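Look for subunit A in each of the two complexes below; its partner is subunit B in the first and subunit C in the second.
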Partner chain A sequence: MGSYLIRRILRTLLVMIGISLLVFVFVRSIPGDPATAMLGERATPQAVKNLRTQLGLDKPWFFNPANPLDAQYPKYVAALAKGDLGSGIKSNIPVRDELGSRFPATAELSLAALFFALVIGLPAGILAALRRNSVWDNLATTISLVGVSMPVFWLGLLLSYFFAVKLGWLPPSARLGNESTLEPLTGFYVLDGLLRGKPAEAWDALRHLILPAIALGSIPLAIIARITRSSLLDVLGQDYVRTARAKGLSQRTITLKHALRNALLPVVTVIGLQAGALLGGAVLTETIFSWPGIGSWVYEAISQRDYPIIQGGVIFAALVVSVTNLLVDLSYASLDPRIQYR
Partner chain B sequence: MTTASPAAAKTKRQPSIFSRRFRRSTPGKVGAIIVAIFVLLAILAPILKPYDASSDRNYRLNLKPPSIAALWDKEVAEEYRDPVTGQVNPWSHPFGTDNLGRDVLTRVWHGTAISLKVGVVSTILALVIGTLVGVLAGYFGGWFDSITGYLSDVMLAFPSILLAIGFASIFSSDNPPLLISAINKLFVLGSPQLVTAMLAVSLVQIPVYMRLSRAVVLGLREREFVQASGALGATQIRTVFKHVLPNSLSPLIVQGALSIATATIEVAALGFLGIGAQPPLPEWGTMISDSRQYYVDSPWTMIFPGLAIFLTVLGFNLLGDGLRDVLDPRSTQ
Partner chain C sequence: MKKVLFKNVLLTAALALVPSAGAATLVFGANGDPVSLESANITDGISILVQRQIYDTLVDFKNGTTDPVPGLATSWKSNANATQWTFTLRRNVRFHDGTPMNADAIIFNLSRWWDKAHPYGFRDQGRTFEIVGELLGGYKGDASAVIKNIVKVNDYTVRVDLNKSSSVFPNVIGSGYFGIASPTAIRKDGAKYGTPASKAVGTGPFIFQSWRTGDRVVLLPNKLYWGEKAKVDQLVIRSIKDASQRLNELKAGTIDFTNDLTPDALRSVQSDKNLVAVKRPSFNVGFMSLNNRNQYLKVAKVREALSMAINKKAIAEAFWNGLGVSNASFVPPVLAWANSSKVPSDYKFDPAAAKKMLADAGYPNGFSLDLWYMPVSRPYFPTPKPIAEAIAADLSAIGVKVNLKTEDWAKYLEDRNKEPGFDMYMIGWTGDYGDPDNFYSAYYGPNASDDINWNPPELQKLLEQGRAATSQADKAKAYAQIHEITYNANYRIPMVHSNPLSAARTYLKGWVPSPLGSEAYNTISLVGKK
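After this line comes the complex of A and B, so read on.
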């Protein structure tokens, strides 16, 4: 276990170096000079030159023969390691601070979406496997097919049109109503409402959360239902399940105590892999529902060509995905004692 | 003619097994029909309803509801009543019109060709590049395998849409590189930004094919017929391309159909975010993006392009499931 852990963590670190390298080259391949972009088209050549020196853009990319560490990439990695991602071109607010203040919004939305996906997807998949080829099975298969085929941004607009505009049941955008006086504590507004002893505010935050969470959760729901079904069917066909049935155990006990536990391993993997899909989907969902998270921020940065923000958002997302994958890999041992790490 | 008949009989047997199995797969049939309809629509569009994206507009008729509703809705019928003849034509704008008075049906129809081209081309590019690299990595192993495996690890760590955004924002300048304008001309896409989006989506799919083909080749490499080919003196290149590659195509074809679905959604998503196709090109994602300002009062500007994306993607997903039933029966439950 020990040596596996070290190797696995080393691999994650190696991947992160690759990520930083890729983003570094990407950002420097963007046409146009950042210094000119920051100062505007009418800046004097001298001012641009001074800013380039100040930003270190006059240094070589990877290697400086005079002083190996005095190049752009080593400095950039050193800054990254300190958590310094630069500042937005337009706002001049450090990217790290803005990431920190926006992360809870995205995290709350992603967790709510995952919760929605699990609450519907798991039972649907289990029911479909237990009643194979029944109406339920067909229903679950249809739901998962529709879920993966539905563009998230279209589903978001449809939900917002029917439930917010037409029916007026739920708010169409933002995290809280206009007259809300909730003071953030954890940044998770539903939780904050409860912690501050204001159930009405928590309810308001929850109502704002429902539509974006459904839109963002649609794809994970479809994938979770599909994997649960096929994995449970696979396990139910194994010898030990037949033995359990021969012992006279009820179907309920067999499913809950014997089959489900083993069937959930692939499901856990898939849930872990959804971290990336959720962060990617957040760009679209948050844009539609004016959700003040990382996704809508990156979207605005794209339209304004604010590269430090795009760079920070992309690196952050890749970091979250790598760490989630690491945690999923490490959680296998506790779920399935047969897996030995060597 | 007599010499041709045995060869014809031989080639006939192969598709008959395929089609017999395929006909038993309901999702496959439904998917094939949906895809065929969209392909037909794309081919017929310029013949039945020629369209010029830049000149087509009619401000007098902007944001009108679907004219088809005139059949049961009196108010809509009034909107479409011809002031001279007093007649109502429910087929004049069946899907309604958008903010510039353009017919939504015509635009959605002409968007079909764009989406199909982009989905298929980006998938084929990813499939060819990814498979080539994956097969070589799986067959030869060693440092090449380590490096490509590491590269795909790094690329898969990015949420695919974010990687595509990053890539698309590098090349979406006013002076596109030669390669991009060449592809733009070759496939008559009419928008260098759309080509960039297409390449971005393709790039994101490459590691999927690298992993898949590598895994398949690892399983094949030790099989007897591959060893026999080597023992009979075939070169390694010949072994790879004559024996290993043809036997690893099935899962790749299945993945290909599913990838077209993903690519269609992602290119539309990039269009929706404003870094794919640019107006006035009738690309579905861009149309939905335009509709964001009007959909509260005019939902048809958003519903029909989205429905077109949904149905196309559904078709390719079903087709992929059907192909899996036929080509790779062990992997289905």
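After this line comes the complex of A and C, so read on.
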């Protein structure tokens, strides 16, 4: 187990180094540079040239014969080694600071979306498998289909219009009310409200979380329900389940104790993949719900060709996905004792 | 008794769960986050909007107009040929940190923007102040720079010497980019100044309180403001990128007013009894640029035929929902004094005459060309693709086959200037200050885009004359000639001057939107907001 863990961590490090190089090259290979994006309609050839010089974008990428260290990649790597991801070209805000303040927002939203997807998706999948071809099965299938096929931005706006504008039950967007005085502690505002001893703020944060979590969780919900259904149906047809039935065990015991646990392995894999996808896929949800997370920030940076933000965001996202996958792989052993790590 | 006690407990618990309501919090829904709160180091509208609340400029503009009025300078005057401008400063004005606003503070600000070697310019840490290069020709020592020298005459008088005549200098320096910040605050916070880790300090009607990026900026009223004091207890500027969501927020009452709604939202706003539609005075132009390198478009008759074949008024009506006007002027209606009386309101929409004109030019069967449309929405072209489709349909009626094309915005801006460039493309401009020079120079000036490959010396001379003219009559004369030349040339065909749609809750009073895009919110009060 220990050596497996060390190997996985080393592999993750190698992946990070590879990604840092790839993202460096890729962002600079996209036509249209930061100077043009910054100047917008003012981007005349001379103005772009001047600004490129000011920003140091006219320097060679990898090697400067006049001064080997005065090139873009060596400077980037040297800073990266010190944990410095640079600053936004336009904003001058350190990328590390922004990641620190925006990651909790994305993580809180992703966790809430995953929670919503699990709470609805798992039971729906189990029910659909146990009552195959029944009304419940058809209902779960329909919900899955709707969840997968409905565009998130449209669902988000619809939810916001119905629950905020028409019914007035929930706020349309943002993380907190206009007059909130909550000082972030962990960056997870629901938790911060409780830790600060302000239940009203925690409740306010929770109310703001509901609609974006539903919008973001709709696709994972559908996928989890479908995978749970098919996986459970597969397991329920296995010999050992038939044996359990022959022994006279109740359906409840067979399902919960024998079948579900085995059926969960592929579900956990999908949950792991969805967790990564949620972090990356929160772009639209964050934009629609004015959620100050990483997705909308990096997306904006891409259109502005803000290299340091794109690089920092991609490296960070890759790290989160790698760690999540590692945790998922480690969780297999607890679900299936036959699995061992070498 | 038990019942009453239980009721009281429930009531107390319920009250504890309701966030306390402030007396008068004014909430604005902005279409994004400010990039920076450091003046002159930004070009985006949201940064200007927030900075407008915190900073004052030397020269201000009368509410709802582009007419210059005293700001931090109570008066200004030039020498005879407008190469020296002397600003007399307002006395007894203090920055939010308590330090005095005086000639030293003004010179500190101007110098750090203009002088690349200024120790507090932080150019080695990413500051570019590119707007100074754009609007003021360049930086200290550059041959093209407008500013030659900045001189302290006394504690409350500053003189700016220019390299060339400029009657528009006070307007330029009064534009929203150039808010005056506290030198003490900049020295204290160094390169962090303008980021969320620092406090932006000006002399304006609101004081910076906090900034959570991607979420909101919170400002408090400046009780010691020299001008009209704010009428609210707090100003929250929220970042809501999506226009539909801004409308949702407004309808739900979670914001009090907002900007940059799409024209199709007008009916929805008008049908809500709690809302009022606010049309910002137009200060933009959306136009089509035609490239002289194209074998067909280099023929004057062809360009005129194309302009005549496009039903601009119908397009403006259909896609701007009445929130815009179409005419033959490159400058918006508030600068109509700069138009020539010899130029008609526009060509008559006449496809038959246009088709004949094409035939006369040697193209009876028409031809084919590319029309590039913007991949992004701007107030001057809120829905570029359908507008491009309408233009293409009009041109096909006279036998011109149009291939619609687009690409990523940054690449679009880059490719238009590359050889051979686009045949024909959609672009526009939103003004920075109230002078025709700001429109004409941007697209016809010496440093303008190379997209149309047409830049006659005669036009450059007239632009110089317009900038240098010290009397309104001389100015009007120069721009009238420019109007005639550009109208007859048809290289840039004006399509629309739009009124960006804003909206507010009905209880919001005193909001006077500026054509320049942002205004201070100290005039706003909330009457009966619940």
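As a convention for this text, the second predicted complex is superposed on the first by the 269 of 342 C-alpha atoms of A that agree within 3 Å, B and C clash if a C-alpha of one lies under 4 Å from a C-alpha of the other, contacts with A are read in each partner's own complex, and residues count from 1 in each chain.
FYI, a residue touches a chain if its C-beta (ideal position, glycine included) is under 8 Å from a C-beta of that chain, and two chains touch if they have at least 3 such contacts.
What you see is a predicted model, and the numbers here were worked out from it, not measured in a lab.
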item	value
Which of subunit B and subunit C A:305 touches, first, second, both or neither	both
Touched partner set for A:144, first subunit B, second subunit C, both or neither	neither
Larger contact residue set on subunit A - subunit B or subunit C	C
First (subunit B), second (subunit C), both or neither touched by A:110	neither
Contacts of A:269 with subunit B and subunit C, given as first, second, both or neither	neither
Touching partner for A:199 - first (subunit B), second (subunit C), both, neither	second
Which superposed partner A:322 touches (first subunit B, second subunit C, both, neither)	first
Which of subunit B and subunit C A:171 touches, first, second, both or neither	second
Touching partner for A:287 - first (subunit B), second (subunit C), both, neither	both
First (subunit B), second (subunit C), both or neither touched by A:234	first
Residues of subunit A at both interfaces, subunit B in one complex, subunit C in the other	30-32, 153, 157, 161, 165, 287-288, 303, 305
Contact footprint of subunit B on subunit A as seen in their complex	11, 14-15, 18-19, 22-23, 26, 29-32, 145-146, 148-154, 157-158, 161, 165, 229-230, 233-234, 276-277, 279-281, 283-284, 287-288, 298-299, 302-303, 305, 310, 313-314, 317-318, 321-322, 325
Of all residues in subunit C, those that touch subunit A in their complex	16-22, 25, 27, 32, 35-36, 38, 41, 43, 123, 125-128, 130, 133-134, 191, 194-197, 212-216, 234, 236, 238-242, 244-245, 248-249, 251-252, 254-255, 408-415, 417, 427-429, 442, 447-450
Of subunit B, residues touching subunit A in the complex	150-151, 153-155, 157-163, 165-167, 169-170, 173, 261, 265, 268-269, 272-275, 285, 288, 291-292, 295-296, 299, 302-303, 306, 309-310, 313-314, 317-318, 333
Contact set on subunit A toward subunit C in their complex	30-33, 36-48, 50-51, 54-55, 87, 89-93, 97-98, 101-102, 105, 153, 157, 160-161, 164-165, 168, 171-180, 199-201, 203-204, 287-293, 296-297, 300, 303-305
